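Chain IDs A, B, C and D follow the sequence of writing; residue 1 opens each chain.
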Amino acid sequence: MPVQIRYLEADQQGVVFNMWYLAYFDDAFSAFLARGGLDYVDMMASGVDAQLVHTEVDWTGSLRYGDEATIGVELARLGTTSFTLAFTVRGPAGVVATGETVYVVVGTDGSGKRPMPERLRNALQPGDMK
Amino acid sequence: MPVQIRYLEADQQGVVFNMWYLAYFDDAFSAFLARGGLDYVDMMASGVDAQLVHTEVDWTGSLRYGDEATIGVELARLGTTSFTLAFTVRGPAGVVATGETVYVVVGTDGSGKRPMPERLRNALQPGDMK
Amino acid sequence: MPVQIRYLEADQQGVVFNMWYLAYFDDAFSAFLARGGLDYVDMMASGVDAQLVHTEVDWTGSLRYGDEATIGVELARLGTTSFTLAFTVRGPAGVVATGETVYVVVGTDGSGKRPMPERLRNALQPGDMK
Amino acid sequence: MPVQIRYLEADQQGVVFNMWYLAYFDDAFSAFLARGGLDYVDMMASGVDAQLVHTEVDWTGSLRYGDEATIGVELARLGTTSFTLAFTVRGPAGVVATGETVYVVVGTDGSGKRPMPERLRNALQPGDMK
């Protein structure tokens, strides 16, 4: 997934401020689901949401306004009520950050954890789709 | 109202990026209502929201991370279904921006314009409260 | 210019919070210059920046997460040290907002106003380029 | 440190979007240094910056607009060129998130890692100050 770095995301050191990486991850997550045939808006409309319970990011470089960057997304773990995605952010000079996020499947009505719907499971494993 | 300028709000020129002024205005609007005795969360819970239909900002200076800044809020116009607030942003060296926002009172259920509730009218004119 | 609406930009009413429109305008401004052959990063590197001194937005609708939206940009006025851009934001159901921003050409070294460089003038009027 | 939750930070589920926690951590980091007698702006002016190389957050709850929240900051580890801070975010019903961030001390001139200046070391350990 290509990332569009906004001017406003660079801080006064000239590099993208850390929190925007979580915005990129969220965008990449939606794009990942979309590529697997699942629309995030539809999923929420059907009463199911993926709630973030853990995130971590390691930086080995930085991004600047005007850089072309991409985010790679991989399914790192798939459980019965949760899943983990691994992200790799690449800038012009290579990998600048890697991250992992753990999501738990919950009802949008506040009813708590739910088993993962089949369509979400399929969207996360597009290679297995028939 | 004092403004807390976040490090991330300064762009790579070292000054607060323009869009954050609208965040400050929104904060100041809530604080203005609170000082008038109205809690914004309560107002929305009662089915009424103030929808922004116009905003404008004029900059004559800039703010930097670490600056102490304040936002003045005044009621500029009070109509039957709308009202206008005027904002003045002051930094260490004086006024850096002025702005105006026009809000229309609407139902949170999407039913459109509504007459202004008495408690909102009172909160906007705290001087007239008994 | 297509706009990618991020999940985080929708507020708890489900619509894009007002300040993000200024982020869209800034993105659209950069894209407009790029289409005119000018790279914003290059321009700043050459010691010239376009400083926002006025912005205004009128909303007639709203955007939701998942909406496909576009921003139209037009040169509304071209002066000797400043210029005005007009923006039109369109969502699935038509125009949701219009805006205008006034920029003054300044030195990045804090030396104040400057006459508009030829390449910026050309980029703003791509139709006149040879 | 008290946190002011902005209306715009709540997403369409009504809870604060994950990336804003990193904004809170950054605010809390500055406040923590300030309490230890070090001004972050001064530190950068003296040619030293603290660069984030790792962050992680665990969520066990959520924050809503209007909630009163606080962030606790503790020094978790102090090395020769890096340090780790531990954050605890509390909302009205108790802890909603914990996090850790690892910073490396670098020159603002891009010269890379530096030994930790005495004043930064003192600011991180205010209890040991004389």
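Basically, a contact is a pair of C-beta atoms (placed from the backbone, for glycine too) under 8 Å apart; a residue touches a chain by one contact, two chains touch by 3 or more.
Only a predicted model underlies this, so the values are computations on that prediction, with no experimental measurement involved.
*Asks:* Compared with subunit A, which chain's mean CA position is the farthest off?
*Replies:* B
*Asks:* Where the CA atoms of subunit A average out and where those of subunit B average out, how many Å apart are those spots?
*Replies:* Each chain's C-alpha centroid was found; their separation is 33 Å.
*Asks:* Counting only Cα atoms for the centres, state how far subunit A is from subunit D in Å.
*Replies:* Those two chain centres are 23 Å apart.
*Asks:* Suppose each chain is reduced to the average of its Cα coordinates; what separation in Å results between subunit A and subunit C?
*Replies:* Between these chains, centre-to-centre, one finds 28 Å.
*Asks:* Please set out, as single numbers or ranges, the residues of subunit A touching at least two other chains.
*Replies:* 7-8, 13, 17, 19, 23, 26, 65 - these are the residues of subunit A that touch more than one other chain.
*Asks:* Once you've mapped the touching chain pairs, tell me: line, ring, star, complete or other?
*Replies:* Complete.
*Asks:* Where on subunit D is subunit B touching in the complex?
*Replies:* Per the touch definition, subunit D meets subunit B at residues 4, 6-8, 23, 26-27, 30, 39-41, 65-66.
*Asks:* Which residues of subunit B touch subunit C in their complex?
*Replies:* The touching residues are 13, 17-20, 22-23, 26, 49, 51-60, 108.
*Asks:* So in the complex, which bits of subunit D are touching subunit C?
*Replies:* Listed in rising order, the residues of subunit D that touch subunit C are 7-8, 10-14, 17, 19, 65.
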